[in-house]
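Across the two complexes that follow, chain A remains constant while its partner is chain B and subsequently chain C.
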Partner chain A sequence: MNQMMANGTQTHTLSALVANKPGVLARIAQVFARRGFNIDSLVVSPTRDGNFSRMTMTALGDPSGLDQIIKQVNKLVDVIHCSDLTDQNIVVKELMLIKMRIEAELRTEVLQVAEHFGARSVDLTDESLTMMITGNSDKLDAYVELCKKYNIIELVRTGKVVMARGPKET
Partner chain B sequence: MSKNEISGGEAIVRALENEGVEYLFGISGGSVIPIFDAIVTTKTKIKMVLTRHEQGATHMADGYARATGKPGVVLVTSGPGATNALTGMMTAHMDSVPMVVMTGQSIRPMLGKDAFQEADIFGMAMPVVKHSYLVRETNDIPRIFHEAFHISASGRPGPVLIDIPKDVSAGVCSQDARADMDLPGYKPQVPPDHEAIMQMAEALSKSRRPVLLVGHGALISGAAAQVRAFAEKMNAPVMTTFLGKGAFPETHALSLGWPGMHGTAYANKALCECDLVMSIGCRFDDRILGRQDLFCQKAVKLHVDIDPAEIGKMIQPDVHCVGDAREVIEELTKHVGRLNTEEWVEHLANYKKNFPLKYRKTGGLKMQHVIDELYRMTQGRAVVVTDVGQHQMWAGQFYRTDYPDNWISSGGAGTMGFGVPAAVGAQFGRPNDLVVCISGDGGFQMMNQELTTAVIHKLPIKFFVMNNHYLGMVRQWQELFYEDRKSGVDLEGNPDFVKMAEAYGMKGFNLKRPGDVKRILKKALDYNEGPCLVNAEVEKTDNVFPMVPAGKPLEDMLIARPRHKLDKPTGST
Partner chain C sequence: MNQMMANGTQTHTLSALVANKPGVLARIAQVFARRGFNIDSLVVSPTRDGNFSRMTMTALGDPSGLDQIIKQVNKLVDVIHCSDLTDQNIVVKELMLIKMRIEAELRTEVLQVAEHFGARSVDLTDESLTMMITGNSDKLDAYVELCKKYNIIELVRTGKVVMARGPKET
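What follows is the complex of A and B.
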């Protein structure tokens, strides 16, 4: 999950606990955009206490720039806290739906591949098959790789969600 | 409305009263009529100052805030009224000035439908405010206003926007609506870390050539007395930044004036030679650093700032302490003693003697001469408000500031047009102090309509227009770096500013000869029937020195005009 690029940039996984109100996402997105960081994936959902939301973001960039971004995000009044979880002791999962054009004769083979990855079918027609897979991002990447030889119609990934291991809150 | 209810407008006025607001600066408009109406129906003591432009209103609030330390409050309408206020919010944001800006907004069912005078000011203002609100329920007014004022003034201050749909201000608010704050993510201030303070004391004790770099943050925290005690106890030289002027007396033997692009030669030389630089509420602005990677390369760097996001943003400190400047310095002073700095102080005193700020006393009228004389004739006691440009740098150089909150200038934003309205706001806040406004002919004309506000309220402000018929700072750059190709800087065709002053109902004075400076200044300073204006026809093509070309290290400071051709600067503006 910690992907180091040749130019020193790195994929970072950030988690933020924020107020669940309109405009918060825009404020955070502005901090990233202004400093030239692209948010690769973003998951936002309310926490158990509906007044707050949990955001999990991945972004590619050089670590020092990201440090400043985290400080600026933490400064936002609507942000309770934001931290870089890259290399921390965390559970990271992602979910993907992948739809392929599969004729009946290939169906068994595709399902065998799926079984190997723990993917399962969620929709089936005469011409198509939609699989759902969860796990860490590398596993999803590997599964996509194998599916490429079939006819992929579309795929959608949720982006990473993370949680600290053990009893402490993320 | 039942007995237990008040209108949204009334709730707003009550909330402002609860925050101790004295003045509102602004202009009415369709979507704020319910609030303007409540100002009348509630018979509030808060005074509404009707400006002539919304940008003027924001700078007035800004000047008021810088002069008093209390949030300045703005009330303008939706759409263009709100967008006109953006420049003022950005100016306040860059310089950490507490301000609460209320904008009217279309009614809730029309939001996002391109209603008449609808502007998404909440979205537009995001990067230039400390926080912002779009009030969605009338009952939220007491809480939102309480939070807004708290956020604006606490920690590192800044502007807060409250966007108020007309049907919210026209709606009903329960008298029981709570004003309790709900800000779980807001931690404006943390107590200083003792360990960091001890490390700073240790680093200071080893230093032979320290300098204290004292910024606006020290003024905001009210730390002038603490900084002075700290510096005197250690016998450490002090430079105050351009916005920190007044945090330490510039006439003090340990003062080096201000450093940076147009700062004093001795301050910049001190930064080049020091073995320790300690920032107290200064954010290492690019005007101060010169070339960032070469700034104080060999010196130990200490950084005290209330804003954790400033630590390491420009300069990576060896030791930092997040906290309020006054608290940190008070504590740190207990752990330091007199340093072995005799030689260093003497060395810098020689620099002060050999590289003083100066100007030619011969030839035509010079801005420096006018400012220098103004400084003497007011015994350095005036509240000085400037605009942006050459005159601003010379005002900073020649009007030395000995007292906190007596220097008001747009630093980070460099907003031309700031001077006139900010002076009006400052005079409202400090009715018993002498307020002088120093502008250039460019910036003056960006906001001169606010002279009306000064006249109507009979504010005895002395407005100086340093008239060189140029956008002088840009012309200076074109002369130095672009082979004197003047482009977009010629202000020939200016109106007659004295006649203009008279048209506004003010007294105006022309000042053209160096020999007349004292006489005209005396007339202006003695004038007591409202504001007056001095149009100083100064030399057209004088240049500000010292100068560190943008992007160059401080070592490359130019003390006077060089004979050789200069490269185009690599740094920003």
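What follows is the complex of A and C.
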């Protein structure tokens, strides 16, 4: 699941708990931008009580640079905590919608592949098929790879959400 | 799916296509923050070719204020387009992980409820159970409501991703 590059940089998965207020996201994004780090995927959604938001980010970069970013983010007002969950014992899931141009005669073949991946159709027309699939990023990548031989109209992924295995909080 | 408030404000679903570069997210978040709008949920992930990112945001606010924000976002460098998809003919999906403190004797009951919702277990210990569920926001809300009688340890949602129905691009 972790992409390891020749120069030692790696895809990192960060999790943060922040106050659900205007401006928090802008300040966090600024910390990354100032250091020239691109946030690859980002998921922000309110926690159960609505006062806080959970952010899950993936970023590719050298570990020492990311350490600095995490330290800075932890000092921001309205950030409760931020940590690197890479290599932790976590469940990682992602959702993808993928729309393909599929004529009726190819439909059976496409649905067979889908079944193997546990993907299911969420929209169907005479010329198109939209599938929903969930799983870890590797599985989604593999499914996209197989769909490439059809005509992919568009796809959208949620980015990763993570949760610690076992009874403890993440 | 759209929360309509007494004063006419409504939860809006916005979609944007942006260049996959550092700083873009910070600038967009700034536009919302300056106008005091809180982004409720946000999903950012790279498109297929990796040069662009798709952003899906939900925000609660008066429509005229949001119109202004969309206009401003559309003027930003590195923003290809941004539009309001509320009330469009779209597929809306979300993923949630929910961890509950469940002793063995309650497990059957919890799994029965899960089956009804199409949720499935992704982590299991003697004291806890983590379920994954996908669907529209109403379905996820209903599932959380039912899980409240158990001891919810934590939950995380991806926020919405959207795709236009039919063969056309969103």
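The definition used in the following text is that the second predicted complex is superposed on the first by the 170 of 170 C-alpha atoms of A that agree within 3 Å, B and C clash if a C-alpha of one lies under 4 Å from a C-alpha of the other, contacts with A are read in each partner's own complex, and residues count from 1 in each chain.
Following the convention adopted for this analysis, contacts are C-beta pairs under 8 Å (C-beta built on N, C-alpha and C of every residue); 3 or more make two chains touch, one makes a residue touch a chain.
Fair warning: this is a prediction, and the values are worked out from it, not measured in the lab.
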| item | value |
| --- | --- |
| Touching partner for A:A19 - first (chain B), second (chain C), both, neither | first |
| Touched partner set for A:V161, first chain B, second chain C, both or neither | second |
| Contacts of A:S121 with chain B and chain C, given as first, second, both or neither | neither |
| Contacts of A:Q30 with chain B and chain C, given as first, second, both or neither | both |
| First (chain B), second (chain C), both or neither touched by A:Q72 | first |
| Touched partner set for A:I80, first chain B, second chain C, both or neither | first |
| Touching partner for A:Q10 - first (chain B), second (chain C), both, neither | neither |
| Partner chain in contact with A:Q88 - chain B first, chain C second, else both or neither | neither |
| Of chain B and chain C, the chain that contacts the larger number of chain A residues | C |
| Touched partner set for A:P46, first chain B, second chain C, both or neither | second |
| Chain B and chain C contact sites that coincide on chain A, given as residue numbers | 22-23, 26, 30 |
| Chain A to chain B touching residues, read off their complex | 18-19, 22-23, 26-27, 30, 34, 67-68, 71-72, 74-81 |
| Partner chain A, residues of chain C touching it in the complex | 20-23, 25-26, 29-30, 32-33, 36-48, 54, 56, 91, 93-95, 97, 99, 101, 122-123, 125, 127-128, 130, 132, 134, 144, 152-159, 161-163, 165-170 |
| Complex contacts: residues of chain B adjacent to chain A | 122-123, 126-127, 130-132, 134, 151, 183-186, 307-309, 311-313 |
